[in-house]
Each structure stands twice: as structure tokens, then as C-alpha cells.
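Same chain, two partners: chain A is paired with chain B first, then with chain C.
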Partner chain A sequence: MANQATMHEKDLQKVTSSQRVVSILVKTLLYAFLSLMALIVVFPFYWMIISSLKSITEYRLPIPTLFPKEIIWHNYIEAFSAANLDRLFLNTVYVGVVSTLLSLVITVLCAFAFARLEFKGKNALFAALLGTMMIPGELFTITNFITVNNFGWIDTYTVLIVPFLVSIFYIYLLRQNFLQIPNELYLAAKVDGTSDLKYLWKVMIPLSLPTLISITILKMMGAWNSYVWPRLVTTSEEMRLITNGLRDAFTDMSGQANVPVQMAAVAIVSFPLFLVFLFLRKYIMKGVSRSGIKG
Partner chain B sequence: MDDNKKTGGWFTEAVLNTFFKEWVWNTFCVKWFWKSFCVNLVYKKFDKWKAWIYLVPAIVLLLVFTVWPIINTVRIAFLDGYSILGEVGGETYSFGISNFLDVLDEYSGFGEALKNTLWLTFITVPLSTILALIIAVCLNSIKPLQKFLQTIFFLPYVTNSIAIGMVFEAMFNIVGLGTSDPSFGIINNILGVFGLDPINWININSSYWANMAVMIIYIVWNALPFKILILLGGLQSVNKQYYDAAKIDSTPRIRVFTRITVPLLSPMIAYVVITGFIGGFKEYSSIVGIFGDDMQAVGTEHTLNTMVGYIYDALGNNEGRASAAALILFAIIFVVTMINLRVSKKKTHY
Partner chain C sequence: MKKKLLALLLAAVMLVAMFATVSCGDNSSDDDDKNQPGVAAGMASYDVPAEGYDGSAVTITFYHTMGKTNQAVLETYIKEFNKLYPNITVEHSAMGGYPDLRDQIKTQLTAGAQPNIAYCYPDHVALYNVTKKVIPLDNLIGSKIEVTDALGNKTILGLTDEQLADFVEGYYKEGAAFDTLGTMYTLPMSKSTEALYYNKTFFEKNGLKVPTTWDEMEQVCEAIKKIDPNCIPLGYDSEANWFITMCEQSGSPYTSLDKKNHFIFDNETNRAFVKRFNSWYQKGYITTEEIYGSYTSGLFTATEGQRCYMVIGSTGGAKYQNPPTVDGQPLFESAMATPPQLDPANPKVISQGPSLCLFESENPQEVVASWLFMEFLTTNVEFQAAFSMETGYAPVIKSVQNNEVYKNWLSKANGYNNLTAMSVQLALSQVDAYFVSPAFNGSSTARDEVGILMKNALVKTENIDEAIAKLFKDAVGKCKFSVK
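The block that comes next holds the complex of A and B.
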């Protein structure tokens, strides 16, 4: 018996030592591959930042430098004025904040009705709403464009805010969260004579704060990144949003353009998104992993 | 007699009205009615209606900006040559399918848009899915630095697709054209390190496939984070017992990957592929980011327009054609999604 046990241990050691060599090799390959991919993923950001700090002559060197010899902050000031970014920045913040606030109120009320209240045709209505999520947004855009024309909303903030206030995806997300809150809490609040609105404000909203934050971030990012709709429904430059300004200001593709200034403008637009990514990443990841929707 | 009757009639009527009717009405009917009304409305009926008060803002907006567009877009797709300017001008349109015929006409540019979209979708979706799957599996099998690398791979998700498209444009573009010493751009410089000849990616006389390659690289780069996130999430919820069993049988890694990882991950792969196809058919802003509104590389003949780009081009002068194209796009997405679902139902193991 004792003999058998030692044999078994020997075998085990032999296997592990040969396996260890393989596993170290595999680990090295894994890390090498992942580092290479990570490098590729990060490279455009790196290139954007260092290009934005170079002088135009340095940028045009036949053998590009990987770090600016002389850091030119002036590119950023130039970018701000070239693309009218200050005005567009304020526009975007205004549209983003107002539409997020209104959207949150509407979404919370709607999700509450679908999660807690009883009414006729609740499930049928909810299923119908979910069904519309399959339809590509361009189909809505056409008629919405006609509608806002008829309303005379062209070139106003209203047109940038109102058509996208209700998102069925956000309602769905929040309803799922509300449903997780035990119904006993609601009944207890009813017994104590708490009104629905107070219950919503004091219990439901604090308990589903992570989802609300996710919605806020996605909505703000949506305003920040929206390009097509503002371009369609605004005629004056002053009413556009920041992404429009960015694209319209730098259309020279001949290779003669002042790329460092252009990259500075791109960096200005990307910077708030980096901040969001740094500090609020987990909320985005949570929201995203439950959907396929960007912004 | 008649007078008497009249007076009598008037008298009784007055009595009835003033003393009897009103009194009875006030004391019984009104009180009872009011009471039941209050009880019903406030405590019972109102409860039923209360939900609708919460729903009103959402429903009103949805009716105007979601439900009506579905109806109206279908309607104007079947109105011959509909345009908003024409309608404001009092023109009337007859029902017909000429919008669809216009779209399918070889000179309308829809064919090219469709071709570009199909190429982009059918190349980028498999490519990004396979790459994301490999990266996710690799990430899942390492311990140190896992969180750090995961964060880096998620970075492209939180970006502005127009802005980063411009970065890609700069990276592939020729630098300093017209100056005494132009260079081929950073990507060509990197290729040069490996001894490869520079490629004319997006400049004058660049080829169709060079342009396409830039778009494919950008779209795959942009699509990776979402796919890695979903696939890694799926991998981390896989029961470890399967892998332990494979280890005991000393199954080779490739076999573990094809026989355990992929089948167990198939629902997530199906999800990623389906959303990838839907996103691919709606590709637009990443191309605007690289090539600008014209959807064309400067100094080239071929257009790089996509189906969504085609719709937006038609919008503003010919809404009927835009609607028809949007319906065709919806039909294509619907069919491809259905095929995807059918295939994944057969291949998916839950």
C-alpha cells in the first residue's frame, strides 16, 4: 500500500513538472498576445494625444517622433476657436442635461406604472413597446423629420431634446430593477398611508440608483455623440452639437490639413468621455452588458 | 277648460319641479350619486386610472415619435414620389410602388450602398466576433493583470465614433502633402518597419479595397469592446466543473475550446453575432468619421455610401424614396435576424 502511494506521488510530480513547462509557455504566449492587442487598442488614443501636442513641422517629419520634442499647448486654444467648440460645448451640455432630467422623470413614472400598478392591458402594452425596439431608428427619423418640420421646431433646442425623451430600453431596464424590489415594501407603505409618489421617491429611487446612474450616463453620452439628427434638423451652425462642429470644421482630407490642431479638437471632444470612463466605468459596463445599445 | 287644464298643468308642474323633484333629487339622488361617484372614482375607479396618469407623458411622446412614424413611414413609402416640400405646396400623391422601383433603379446608388453595407457587415461581424472570442478566452485564463487588461479592452467603447474616426483618418493619411518632404503616415511607417511597401489607403486614386480595409479595421476596433464584455461575462459564469473534468481526462486545449467553451458560450456568441449584424447594417457614422459627409475618399470614383447613408441622402428632397429604402433596410435586418435566430436555435446549447 505504502509503495503504491509513493508511486502515485511520483507520477503526479512527473506530470506536473512537464505540465509546468507547457503552462509557463502558454502563459507567456497569452500575455504576449493580450499585450499586443491592448497596444493596438490603445494606439489611436496615444497617437491622438501626442499628435495634438506636436508642432505642425514636427508632425510632418518623415520619421515620426513617438513623443513630442516640444509640447505645444497652443494647439488646443486654436482648436477651440477653429471649430467654434465653446458655443457647441454649451449647446451639448444644455441639451444633455435637460434631456437627461426630463427623460429620467418620464422613465421613472412609466417604469413604476409597469412594475407596480395594475391596469388593463398592462402586459400587452409592454410587449408592444418592446416590439418597437426591433425597428431600426432610421425608419422613425424620416417621419420625425417631417413632424418637427410641421411643428416648426427646426433650429430650436426643443427639436434636439423632445423626440428622444422616451427610450423603451431605459423603461425596460428600470422596470426590471423595480420588479426586484419586494412588493411587501409597497404594501407596507400603503398600510402606513404613504402615497405612491412618496413611496417612489423614498424607496424605489434610492434602491435603484445604480440603474438610474447608468441611464444618466448613457443619455449624456448619447447627446455628446449624436451627429445625424442635429445635422438634419438644424440649419444654423450655432444650434448644432459638438460632434457636428468637430466634423464640419475639419473637412480637408488632402493631407495638407493642420493635423495637430485637428487632433487637439478630437482630444477636447474625447476628454469628457475619458473622465466618464475612468470614474463611472462600472455603471456603463452594467448597463451595456444588458443591452446592445450604444448611447 | 283648456285654460284650466293649462293652469292645472302649470301648477302641478311647478309643484313637481320646485317641491318634489328638486327635493327628492337633492336629498336622495344627488347625495347618493355624489357619494358613489366619490367612492368609485377616488377609491376604486381612480386606482385603475392612476396608472395611466403615470404613463401619460411616455405614451404621448411614444405616440407622436414612435407609433405615428411607423404608420406614416409605411404610408409615404407607398405614395409615389412623395416629398415634404411637395406636400406643403399642396401636391397630392397617388398610391403606388414607384418609390421602391426608384430605389432599386441602377442609377439611384442603392446598389452600391447595399454592396458596401453587405461587404462591411459580412467581413466585420465574423472577424470581430472571432477576435473578441479569442481575447475573451485569453483574458479568462489569466489571473494577474486581468482587470487591468479588461479595462483597456473596454476603452474604445466609450468614444465618439466621429472623433476617433478622424484619428484613424489621420493615421492612414499621407502627412504633409505638397510640402517638400511628404511621408506616408504612421500606419505606413509601422508597416515599413516590417519591410512592407506603403499603401495608398485613403488618398487620391486609392483603391476601393484600400478604403474598405481602413473602414473594416476601424469598425472591428470599435466593435471589440462590447463583444469582449459580453463574452467574458459569459465565460465567467460557466461552471468550472466542465473544465475540471476535461483536465482529469487531460483533454488538449484546442479540444477544450471547441467542445466545451464554444458550446457553453453559444448563447452569448449568438447574441453578439445578432446585435453585430443589426449594427453592421446600420453602419454610418464611423464612415463619416473617416471620410466625411461625402462618404467618398477624395479623388476617387467609387462611393463608400451605406444604406443608412442612402436614406439620409434621400431625406430632405425625396422622403418617399427614403421611406422605401428604410423599409427595405428593415426587411433585410428582419430576415437576417430571423435566419440568425433559426441557426442559433439549432446550434445553441443551453
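The block that comes next holds the complex of A and C.
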């Protein structure tokens, strides 16, 4: 029996050590894979930084160098002088902040109406709104352009902010969140004589804060990255947003771009976003996973 | 039940919307008469207001692709223009690259929100002409209505005979390449062409002769390959330019204004030159921008590794061909020549660079004011000189070459750090060799497709004849599809 027990222990030890080997192997492979993926993700940023520090001749070498032979800081100064970066920044921040705030107000009120209030045709209206999500936004570009042109909004902040204030997707997201809040809270608040708006402000918004933060971040990122619409509706350089400015400022008449200077400008523009990601990554990741879209 | 009904209703709405969209898109028969003999490509004529410019205050908008430094020159001369016409306010905007500019105006035309003046290439105007909102310039050019500027000078609204004669003929003719009537839709603004850049130091050291014909080019490439087996002797930046120029040099068809037969580049002569260049590529003699992955000036100015000793590229990009420097000293001397020809006695080089077009406006005074500004930009010697010096693009009027400042600038051309001036000298010296291709709705697709064809044909290694024939057939097919 003793002999049998020893055999079992030996078997157990064997199993444990083989499990350990497999576990180490799996972890090694996993980390190797993750490191590789991290490198792939980081590489474009690395390339942006080193390209922004190269001379144009070095940048155009047939075999690209992995580190600049001579660091050209001047590219950053030239980036500021070639593009009106401060104005572009200001415009983008203004449009981003105002459109996000207004969009939040609209989203919260609409979501509350669809989640909590009872009115005729509520479901049909909600279905119709959801139906608009089936139509790609690009299809509206020309008609929207004609509309805003008739309103005389071209080349104003209004045209950059107003047309995209309402997002059905965000309303849907928040409505679903509101629906998860138990009815009892609403009824109890009503018994206490609370108004709908007070209930929304005091109960629903605090409980849905993570979703609202996600919406804020996604909306801000959307405003920062938008390209086609601002390109179309702004005709003067004073009204341009950062994406358009970066695209326009560095290409000469022959169509060739001074890429190192352009990369320096891209690096400057990316820096605030990098900081935002650094400090708000928890919310961004939550927002991304909650909304089911990538950033 | 209610939900089912709603779902059915929504599905019906979607279907109706889809059919409506499809039927909206099917308007291909609208332009059946376009590009036919005797029919204008766009708006047929423009009635110039009898009073000409009445001095009223108007604001005109001008879209272009100028960078900041070029805009500074423009702004200086807008001030000069305003000394003559103080009531005309010119607002100008850079719209990114040429495709951005084209797309912007294309969209704005649909809403009637187009600018008054814009930089343009013939392909762009052919596209805009679909809306019939591009002003034909013939009546404005020929207008004898008297105009008095703020300084008291009396002149005519149109172009004088001297002004007309001053234009470089090849550039001016580009404005009439849209229909068989020769309706003028554009005036040239500043022009570039293609040049052969070569490493003069290397050529002199090895006793090489600068090639003037494609046969000589083949010999030179062979010789260079023997000297430096690791190099690619020649880089050609634009595959499309290469194909189109070869068609012109060969006298073989490329495209035509005949709507029923726009795309006529699939022929024996063109297949033969493509096959010839395929063999060059296989021997390692050439590369192109698309194959190399970037402008081939990167190879020309390389300080290490693989390099090339000749580049055929735009004169507008001459500054990128300046030799690299080490401790402030250029590593070699660059030089320029006319690109190789099939018949050097009858040279053909492509004409590029922006022209200007005018758009319809509700206020006729805006059109006339825009014309005055357009006329100023294209015929003012000081502006043309200053703009050429800033951009490296050739002026479009001949008298600029008599301007002292300009002459002085040209005299400083050298192959070490001032290839720009040299490129303008070359561009000016080959003005008689310029050609332009017909412009019609679909000509930009033809240009794109022959570029792709050229690139794909060069890299084929097996069943070359069949492969090239297929590439030609595919390219023509895609072009035809694009205008359906």
C-alpha cells in the first residue's frame, strides 16, 4: 500500500511538473505574442517620432534608417510656422467641447424620454430613429451640405457643431442603461414628490455616469478625428480643424510633401491625445468595450 | 401584430428609398451630345454685361492649392490689384492638394456654392463642365468694353493683342482642349513640365553622354549598370506621364474627344513600347514612383545603399533633386536636360501645372471682377516673375524673361543648391515641345488607368505579350465603365 501511495505521489509530482512546464510554455508564448502585438501597435508612433526628427534627404533614403543620423529639431519649429497649429488647436478644442456638451444634454434628455416617459408612438418613433442607423452617414453628406448652404452656415462654427449633435447610437446606448435602473426608484421618487428632471439629475445620471463618460470620450475623439465634413464646410483657414490643417499645410504645388515636418506637426497634435489616453484609459477602454466599437 | 406591421412598413420604406436612389443615379443619357463635333463641352457662351465692371463693391473667392509661402506672394499682389480695383475684395483659400480641391468644388457645384475662381487641371474642368457652370472665356477675352481703373488708366476688359501674343502658345492652347469648337474655359497660371535630372559629376567622371533618345537611354543605362551593378540607373516618377508622353512621341492614339471612342490607347505601338520598358525593368535599368514606393528623388539623392543616377520628374519638384550635402558641401553636381525622345527633331514633353477657371455667379459683376483678377494674375509680369521664383514653376507669359529681377534670379541657377532656377530655365527652353491631352469627363480615369497599366506591365515576368495585352484590355474596360 505504502508503495502504491509513493507511486501516486510520484505520478502527482510528474503531473504537477508537466503542468508547470505547459503553463510556463503557454505564458511564454502568450507574452511573446502580446509583446509582438504591442510592438506592432507602438511602431507607427515610433516611426512618427523618428521621421519627425530626420532631414528630408534621410527620410527619402531607399533603405529607411531606424534612428535619425542627425536629429533635426528644427522640423518642430517649421511645423508651427508652416501650419497655423495654434488656431487649428483652438478650433478643434472649441468644436469638440461645445459639440460634446450639447450632444450630452440632447442624448440624456432623449434617452430619458425613451426609457422612462410614456407617450403615444414611443416605440414606433424609437424604431424609426434606430432605422436611420441603417443608412450610412456618407449618403447624407451632399444633402446636408445643400441644407447648411441654404441656411448660410458655411464656414462657421455652427456648421461644424450642429449637424452632428444628435447621435441615435448614443441615445440607444444610454436608454438601455437607463432601462436597467429599477422602476421602484422612480416610483419612490415620485411618491416623494420629485419631478422627472430632478429624478434624472439626482438618480439616473449618477447611476449612468460610466456610460456618460464613455459617450463624452467617444464624442470628443470623434470631433478630434473628423475629417470629411469639416473639410467640406470650411473654406477659410481660420475655421479649419486640426485634421484638415495637417493634411493641407505641408504639400507643395508639385504634390510632394515635406514629410519630416508634417510628422513633427502630427507628433505635436498627437501629444494631447496621448495625455488624454494616459489619464483616462480606464474610461476609454470601458467605453470601447461598452459601445462595441473600436477607438 | 403591431410590431410586424411596423416592421413591414419600415421594410417597404427602405425598398422605396433604395429604388429611388437607383433611379436617381441612372441619368447617364443627360450628356449624350457632349464632346460631339460642334457642341460645347459645358456652358456654350457667356454674355458679358454691357457696362463691363461698374465699380461696385464685390467680394470674390479664389480656391487654390498654395502653401503658406506662395500665399504670401499672392497676398502681396492682391494688394497691388486692389490699388487698381479697390472695391473688389479677394478672399482666397488653400484647399489642400488638387484632388481635395476638385472634390470640394465638385460638391459645392451641386449646391450652387462654388467659388468664383479656382486653380484647375483640364480633367477638373471637364468634370465641372457637366454642371455647365464654368464660364467660357471667349467673350471675356475678346471684350472691347472700356474699363477705367482707380489710377485713371483706361484699358479694355478683354485681352489686348499684345497680351494674347505674350502667352506661351502651348500653355494658352490648353484652355481650348475641351471640345472641337475650341471653347476657352481656362487661362494658364503657372506651369511645370518633366525634366531629366542627372548626376553630372558621375556622368563626367565616367565619360557618359546625356541621352537624348530612348535608344541612347538604353545604352547609358547598360553602361551605368556595368559601373555600379547595385544601382537602378533611371527613376521615372510618374508612370502615367511616361505612358502618355510615349503615346505623343510615337504619334499613336491615347484618348480622343469623341464620346463614342474616348479610350483609344490599346494599340500595337503602345503595347510595343510598354513591352520594351518591361525588358528594361527586368534588366534592372529603371524603377518608378509606384514600384519604388516614393518619389525616385530619394534614390537620386541617396547618400548610401542603392541609388540612381538619372530621374525623370516634374520641374516643379526640382528642389528635391538638389544633391545631398555633408558638412555643407554638396556630394555631387546635378544637371538637367530635356527627357529622351523618339525623334529629337520633334520633341514632345508633357505640360502640367495649374490653370484658372471662372465659375458662374448670380451677380454678373462678380464674374467680371473675377475675370479682372484672373487677367491680372496671368498677365502681370511682376506677379508672374515673383510667383515663378517662389514656386519653381514656369511663368506663362514670355515677357517675364525680360524682367531684371527675374533675369538675375535665373542667372544664379546651379546644380548644387539651386536646381529650381535651372528647372525653370529648362521649362522655358522647351516651350515649343509642350503637348496636352484632350480633357473630357473620364480623362482623369484614363490617366489613372494607364499609370496602373504601366506599373503592372513593368513587373510582369512571364507570358509578357499576353499579360500586356490583358492589362491594356482591362484598362480600357475600366475607363469605359467609369463613364457609363
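In the analysis below, the second predicted complex is superposed on the first by the 224 of 295 C-alpha atoms of A that agree within 3 Å, B and C clash if a C-alpha of one lies under 4 Å from a C-alpha of the other, contacts with A are read in each partner's own complex, and residues count from 1 in each chain.
By definition in this document, contacts are C-beta pairs under 8 Å (C-beta built on N, C-alpha and C of every residue); 3 or more make two chains touch, one makes a residue touch a chain.
Fair warning: this is a prediction, and the values are worked out from it, not measured in the lab.
In the superposition on chain A, A:247 makes contact with both chain B and chain C. Taking chain B and chain C in turn and counting the residues of chain A each one touches, the greater count comes from B. In the superposed model, A:134 makes contact with both chain B and chain C. Residue contacts after overlaying the shared chain place A:120 against chain B, while chain C stays out of touching range.
In the overlay built on the shared chain, the residue A:235 is in contact with chain C alone; chain B does not reach it.
In the superposition on chain A, contact of A:146 is made with both chain B and chain C. Touch criterion not met for A:191: it reaches neither chain B nor chain C.
By the touch criterion defined above, A:21 lies against neither chain B nor chain C after alignment on the C-alpha atoms of chain A.
Judged by the touch definition given at the top, the superposed model places A:62 against both chain B and chain C. In the superposed pair of complexes, A:281 makes contact with chain B only, with no contact to chain C. Contacts of chain A with chain B, set against its contacts with chain C after fitting on chain A, overlap at residues 60-63, 134, 141-142, 145-146, 149, 232, 247, 250-251, 253-256.
Remark: chain A residues 26-27, 30-31, 33-34, 37-38, 40-42, 44-45, 47-48, 51, 59-64, 105-107, 109-110, 112-113, 117-120, 122, 129, 132, 134-147, 149, 162-166, 168, 171, 196, 221, 224-225, 227-228, 232, 243, 246-247, 250-251, 253-256, 259, 262-263, 266, 269-270, 273-274, 276-277, 281, 284-285, 288-289, 292, 294 touch chain B in the complex. Contact residues on chain B toward chain A in their complex (touch as defined above): 48, 50-52, 54-55, 57-58, 61-62, 64-70, 72-73, 76, 84, 134-135, 138-139, 141-142, 145, 149, 151-164, 166-171, 173-179, 181-183, 186, 189, 202-203, 221, 224, 226, 229-230, 233, 253, 271, 275, 278-279, 281-282, 284-285, 288-289, 291-293, 297-298, 308, 311-312, 315-316, 319, 322-323, 326-327, 329-330, 333-334, 337. The touching residues of chain C, counted against chain A in their complex, run 6, 10, 13-14, 61, 63, 65-68, 70, 91, 93-98, 100, 104, 107-108, 110-113, 115, 190, 192, 292, 294-295, 297-299, 301-307, 314, 316-317, 320, 324, 353-354, 391-393.
Interface residues of chain A, counted against chain C in their complex, comprise 56-57, 60-63, 81-82, 124, 127-128, 131, 134, 141-142, 145-146, 149-150, 154, 231-232, 235-237, 244, 247-256.
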